[in-house]
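Paired with chain B in one complex and with chain C in the other, chain A is shared by the two complexes that follow.
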Partner chain A sequence: MSLLHLAIISPFLLAILVPIAYKLFRQIHTGWFVLPLPILLFSYFISYLSITSDQQSVTESFSWIPALGIDFTAKVDGLGLLFALLITGIGSLVVLYSIYYLDKNKEKLNTFYVYLLLFMGAMLGVVLSDNLIVLYTFWEFTSFSSFLLIGYWYHREKSRYGAQKSMIITVFGGLSMLGGIILLYLMTGTFSISEIIAGSDEIFSHSLFVPALLCFLLGAFTKSAQFPFHIWLPDAMEAPTPVSAYLHSATMVKAGIYLVARMSPVFAEHSLWLWLIAGFGITTLFWGSFSAVKQTDLKAILAFSTVSQLGMIMSLLGIGAAALHFETVEDSYFTVATTAAVFHLINHATFKGSLFMVAGIVDHETGTRDIRKLGGLMNFMPITFTLAIIGTFSMAGLPPFNGFLSKEMFFTGMVRVLEMDIFNLDTWGLLFPVFAWVASVFTFIYSMVLVFRTFTGKFQPEQLEKKPHEAPFGMLISPIILASLVIIIGFFPNIISNTLISPAQAAIMPVEGYKYDTHIYFWHGFTPELFMTLGVITLGVLLFISLPKWRRVYDLFPEKLALNRFYDSGLSGIQRGAYRFTKWYMNGSIRNYLVYIFTFFIITLLSVLFMKDAFKFDASNVSAIRFSEIVLALVIGVGSITILFVKSRLTSIILLGAVGYTVALFFVIFRAPDLALTQLVIETISVALFLLCFYHLPQIKDEERMPFKATNAVISIGVGLVVTLIAFSAYSNKSPNSIAQYYIENTYEKAAGKNMVNVILVDFRGFDTMFEITVLAIAALGIFGMIKLRLGGGKKNENK
Partner chain B sequence: MEILMSVVVGILFMSATYLMLSKSLLRIIVGTAILSHGAHLLILTMGGLKKGAAPLLGEAASSYTDPLPQALILTAIVIAFGVTAFFLVLAYRAYQELGTDNMDKLRGNEGND
Partner chain C sequence: MIEIILMLSLGFLALSMMATIFRLVIGPTTPDRVQALDILGINLISAVAILSVLLKTHAFMEVILLIGILSFIGTIAFARFMERGVVIERRRHK
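For the complex of A and B:
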């Protein structure tokens, strides 16, 4: 186990110590014990920058289940390191923020930090694992810890609803990803991502390739809240705000993006990959930004905005994959999309994290997040207002913030789609820039709503629970750091281009010995992108001002078609359906279950008999019939059928006795003296028992003939027929060899007896007899117990 | 002979099934008794009904009937008897406690499902 492994599992180890620290040091906020770890990890991962900047990677292996090819292989390359820095960096800031956000006297801090540390460790595991099974293990850990964190205030019904919903959707995707992992293993014989990538050319034409691709995409889309699986993210906003800032904007929702980026070298050769990712991404982008405008809750706006931005990154990754379809990736005109995806990934984490924290501050200081109640907070909270301006303007894509740069590159990528002449992109490709542009207009509108509806306009003190004032300094540190990063990256984007972006891009599109030039320019000249941005700003401003007038558009959208409604009714429909189905076939009637069992018996055996051509009728091996046998057969047949038609139960008991004695007679003529003896005695006792039982019946008033039921008749005739046919076939296929000869020869020689049946029972096969005696003993004890033991009070109907 | 016996066994199975599908508890137990008769005869028939002496060495015959199915049937008869006796007493106790032998009324507790 190396230091790298220790770094990945250290949050898990610390999670064990957190409750102890919580119990021992009640005066100190537990967060302070947690804070050093992510900072330490962040500095540790910074030290890898020098390695990955040279396109190198570090791999450490630790044996876990070698027999199954599952080893905990940790690999740090450009992409993994980028995510690890995001996780630990934003993790430190979130922990710091949560120290001031959560009250140490009112909240159960021990559980909060345990869950948060579990999540942090799981997320580090996801991005640094080279083994797919290990990756999947950590992946489910993120789903699970996210579930715990969303349901942190478990006494609220909405929290529980949100937690359950996110669990169902992400675990559904996670399981499908596991399917994809297994398919990849079937194709390549390894779980190692590096080895799969190295051998990816061979699996391209494999028949399992497309199913594996789809399974992976389903996992990535559900985790990263892509349309139509985005519905869990807005409901996950019931979590405490630090959690929303950390999990649902910066890290967990990017696990799907990470997966797509990581698996790009394997799958991106296929046109389906490009189409699905770009298509779903751009749809999510549009739908998320369109839906965000109508929200009235600050965190709901941010949630839909996250959905939309994730769609944007996803679509960029899809378009970027197109570069692989051209001869030389090195000079490809289209790699800019991938660069933009990585760049925006970083930008989004910075500004969205700070915006969530701002929303949390507003909530904390005013008591509400509803923008209809908020307004005019600018004078009370100047610092928060400044932070909000920086975050939202960056989100809207305005200069001089980092969002502007990535939005320009996004437009560049989308416009270049027009020039691709593969996969029909020359015709359908036009949709991409159009959708991107319209979505950007909506992004601009909700960004403006977010900042101006909250901080400017009319101050409504009567709507607020508390008197608003500026947040404590400690709560402001984290968003200030993030907002400074927004500005720093905005002005000097190239400080991260060589250290973070190009190594990450090299991991997404590996080309041997090539270093991507990801220099980011502020000024492109008068390009179409610039005019698109100007158009976005102009139209955005106009629409924002006239928003009250066209807001009604959202009312036109039928609520019935909303995806949440579809999810809710689907879920309750499944429950109702399962309940009804069970209620229908499990109705408590023994007769019904017997009907199922007999019907199944008839159908299975008859179909096997005739489909497998097993039916055989061969009369050559049979013995001759004597007259006496015919008579006995008639008696037994007629007797058993008559039982069905007699009215009195007494008659049926007597007829049963008649059948039993005839069976004994059969034993006589078929030369089985012991059987005949036993049968006679036992039949006598049985009939006596039946009569006893009959005698003690509490006055059967209405003795009646068994009512005729056609289904019963059909089923019973079917059973009789199946048994007869199987008996025919079995006898016709009879193997001539019997082991009987051994018993005949050795009964006297070895066992010193002349009665072969008795010798078999007590000597050759004595074990059967022993347990048969046990059966009788148990029956006798059971009968005794039943009669003597009257725990229910008993005697209710006795001797009536 | 084996063909005739197979038909007889089929008839026994048929009436047993019909009885077991009825709603009177006593008839269901009669059905199980007939079913066991059918099964015993089936074992005997499938063992072959070729003529031969009874499986007693004292007979000093040239051929004997197969002793193994007879031993199996003997075990089965005893077990079937034990189970039938238990069932009968169970039915008797059920009458005493519940006052009905109608299977449609013996459905467990409503609302307890």
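For the complex of A and C:
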């Protein structure tokens, strides 16, 4: 196990110690014990930058289940490192923020930090694993720890609802991804991502390729909250704000993005990959930004904004995949989209993290997050206001912040879609830049709503629970660092271009012997992108000012069409349906269950008999029939059939006895004296027991014949017929060889007995006898227990 | 010769058993049926005896004895049951 492995699992190890620290040091906020680890990990991962900047990678392997090809292989390349830095970097800031956000006396801090550390370790595992099964294991760990974190305030109904919803949706996707992993394994015979990528050319035409692709995409889309699976993300806002900032803006929701980026070299050759990702991404982008405008809760706005920004990154990855599909990467005509995706991924993590923290501060200091109650906070919280301005302006894509740069590149990518030369793109391809542009206008509007409705306008002190004031400095540190990053990356984007972006690109679209070289410029000249941005700003400002006038547009969309309604009614519908189905067939009547069992018996055996053409009737081995056999068979037949039709129960018991004795007689004429003896005794005892039962039956006034039911008749005749047919076929196919000869020869020779039946019972096959004895013992003890042991209301039924 | 006679007696026994079973099925009252069952047992004894001779074996002698005992016990039990309602009485001297 190398240091790298230790780094990945160190959060899990620390998670074990956190409750101990919590119990021992009640005076110190538990967060302080946690904080050093992400910082340490962050500096550790920084040391890899020198390797990945050369677009190289480091692989460390640790044997886990080698027989199944499952090894904990950790691989650090550009993409993995970028995510690892995001996870540990923002992780440190979030832990720091949470120290000031969560009260050490009111909250259960031990569980919070255990969950958070579990999540951090799982996320590191996802992005640094090279083995798909290990990746899947960590993937489910993120779903699970996210579930715990969303339901952190488990006494609230809405927290539990949000946690359950996110669990159902993300685990659904996770399982489909597992399906994809297995399909990939079937195609390539390996779980290692590097090996799969190396052999990806061969699987392209495999029949399982498209199903695997779809399975992976389903996993990625559910995790990354893509349309229509985005519905869990707004409900996950019931989590504490540090969790929302960490999981639901910067890290977990980007696991799907990571998966798409990671699997791009495998799947991107196929046009389906490209169009599905680009299509769903742009839809999510549009729908998320459109829905964000109507929200009134700060975190809800941020949630929908996250959805929309994730859609944007996703669509960029899709268009970037066109580079692999249509052209060689070296032309770098479409690769700009991938650059934009990676760049925006970083930018989004910085500004969205800080915005969530700002929302948390506003909530913490005023007691509400409802923008209808907020307003005019600018004078009370100048620093928070500044941070909000930086974050939202970057989100809206305004210069000089980093969002502007990635949005320009986004437009570049979208405009280039127009030049893709496939199926009639004169019409359909145009949708991409148009959707992108409209969505950007909405992005601009909700960004402005977020900052100006909260911090400017009329101050409404009567609506607020607390008197607002500036947050403590400790709470401001993290958003200040993130906002500084927004500005620094905005002004000097090239400090990350060749350290982070190019290596990540090299991992997304690996080309032998080609080095990516990225340069980001503020000024492209008078390009269409610039005019698009200007248009966004102009139209955005106009629409923001006139927002109260056209807000009613949202009322045009009835609640019924909302996806949440669909989810809720779907979930309860499934439950109701399953309940009804179970009630319908599990109705408690034993007769019904017997009908199912026997019908199934008849259908399966008959169909097998006919499908395999197994029925055979061969009379050559049949011995001659004697007169006495005919007579006995007649007796048994008449006796058995009469049992079905007699009125009185007593008669049927006696008839059953007669049948039993006749069977004993059969044993006599077929020369089985031991069987005959036993049969006679047992039959007598059984008849006596039946009589006992009969006597204790409740008095029935008029004993009636069993009512006739046609289904019963059909089924019983069917069962008899099937068994008879099988008996005939089995006898006709009987193998002439029997082991009986051995017993005949050796009963006296080897076992010192002349009675062959008894020698077989106690000598050759004595084990069976032993357990038959056991069965009798159990039956006897059971009967004794049932008679003697009367717990609870048994007294009532005591005999007179 | 002896075989023919044995077969013949077996045939008669069979007829007798059929008649007994007829009574067992039709028998208007329960005592009729119990009686039929008893006769059936005795018929069985004879049938097994004749069969043993026919099959030239003495492996079935125990069966004959057993049927005799069982038939007796069974008839007594039925009789007790019909008369007193129980087969084994419980002692209640306390």
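The definition used in the following text is that the second predicted complex is superposed on the first by the 734 of 800 C-alpha atoms of A that agree within 3 Å, B and C clash if a C-alpha of one lies under 4 Å from a C-alpha of the other, contacts with A are read in each partner's own complex, and residues count from 1 in each chain.
Going forward, a residue touches a chain if its C-beta (ideal position, glycine included) is under 8 Å from a C-beta of that chain, and two chains touch if they have at least 3 such contacts.
Everything numeric in this text was worked out from a predicted model, so none of it was measured.
Trainee: Output check: A:P673 vs chain B and chain C. Expected answer is one of first, second, both, neither. What do you get?
Mentor: The answer is both, since A:P673 touches chain B and chain C.
Trainee: In the overlay, answer first, second, both or neither for which of chain B and chain C A:Y661 touches.
Mentor: Once the two structures are laid over each other on A, A:Y661 reaches chain C alone.
Trainee: By the touch definition at the top of the document, which applies to A:L186: first (chain B), second (chain C), both, or neither?
Mentor: In the superposition, A:L186 contacts neither chain B nor chain C.
Trainee: Of the two partner chains, chain B (first) and chain C (second), which one does A:V775 touch, if any: first, second, both, or neither?
Mentor: first
Trainee: Just chain B (first), just chain C (second), both, or neither: which does A:F598 touch?
Mentor: A:F598 contacts chain B only, not chain C.
Trainee: Quick one: is A:L13 in contact with chain B, with chain C, with both, or with neither? Answer first, second, both or neither.
Mentor: The answer is neither, since A:L13 touches no partner chain.
Trainee: I'd like to know which partner A:I65 touches here: chain B for first, chain C for second, both or neither.
Mentor: It touches nothing on chain B or chain C.
Trainee: Mind telling me which of the two, chain B or chain C, contacts the most residues of chain A?
Mentor: Tallying touched residues of chain A, the top partner is B.
Trainee: Tell me which partner A:V434 touches in the superposition: chain B (first), chain C (second), both or neither.
Mentor: So A:V434 meets neither chain B nor chain C here.
Trainee: Taking the stated contact definition, name every residue in chain A that is touched by chain B in one complex and by chain C in the other, in rising order.
Mentor: In the superposed arrangement, which is not itself an observed complex, chain A uses residues 671, 673, 692 for both chain B and chain C.
Trainee: Given the complex with chain C, which residues does chain A contribute to the contact?
Mentor: 627-628, 631, 634-635, 638-639, 642, 646, 650-651, 654-655, 657-658, 661, 664-665, 668-669, 671, 673, 676-677, 680-681, 684, 687-688, 691-692, 695
Trainee: Per the contact definition, I'd like the list of chain A residues that touch chain B in the complex.
Mentor: For chain A paired with chain B, touching residues are 586, 588-591, 594-595, 598, 619, 621-626, 629-630, 633, 636-637, 640-641, 643-644, 649, 652-653, 656, 659-660, 663, 666-667, 670-675, 678-679, 682, 685-686, 689-690, 692-694, 696-698, 700, 706, 709, 712-713, 715-717, 719-721, 723-724, 727-728, 730-731, 734, 738-740, 743-744, 747-748, 754-757, 760-761, 765, 768-769, 772, 775-776, 778-780, 782-783, 786-787, 792, 794-798, 800.
Trainee: What does chain C use to touch chain A in their complex?
Mentor: My answer: residues 7, 10-11, 14, 17-18, 21, 24-25, 27, 30, 33-34, 37, 40-41, 44, 47-48, 51, 55, 57, 59-60, 62-63, 66-67, 70, 73-74, 77-78, 81, 85-87.
Trainee: Which residues of chain B touch chain A in their complex?
Mentor: So the residues of chain B in touch with chain A come to 1-24, 26-27, 29-30, 33-34, 37-38, 40-42, 44-58, 64-68, 70-71, 73-75, 77-79, 81-86, 88-93, 95-99, 101, 103-104, 106-108, 113.
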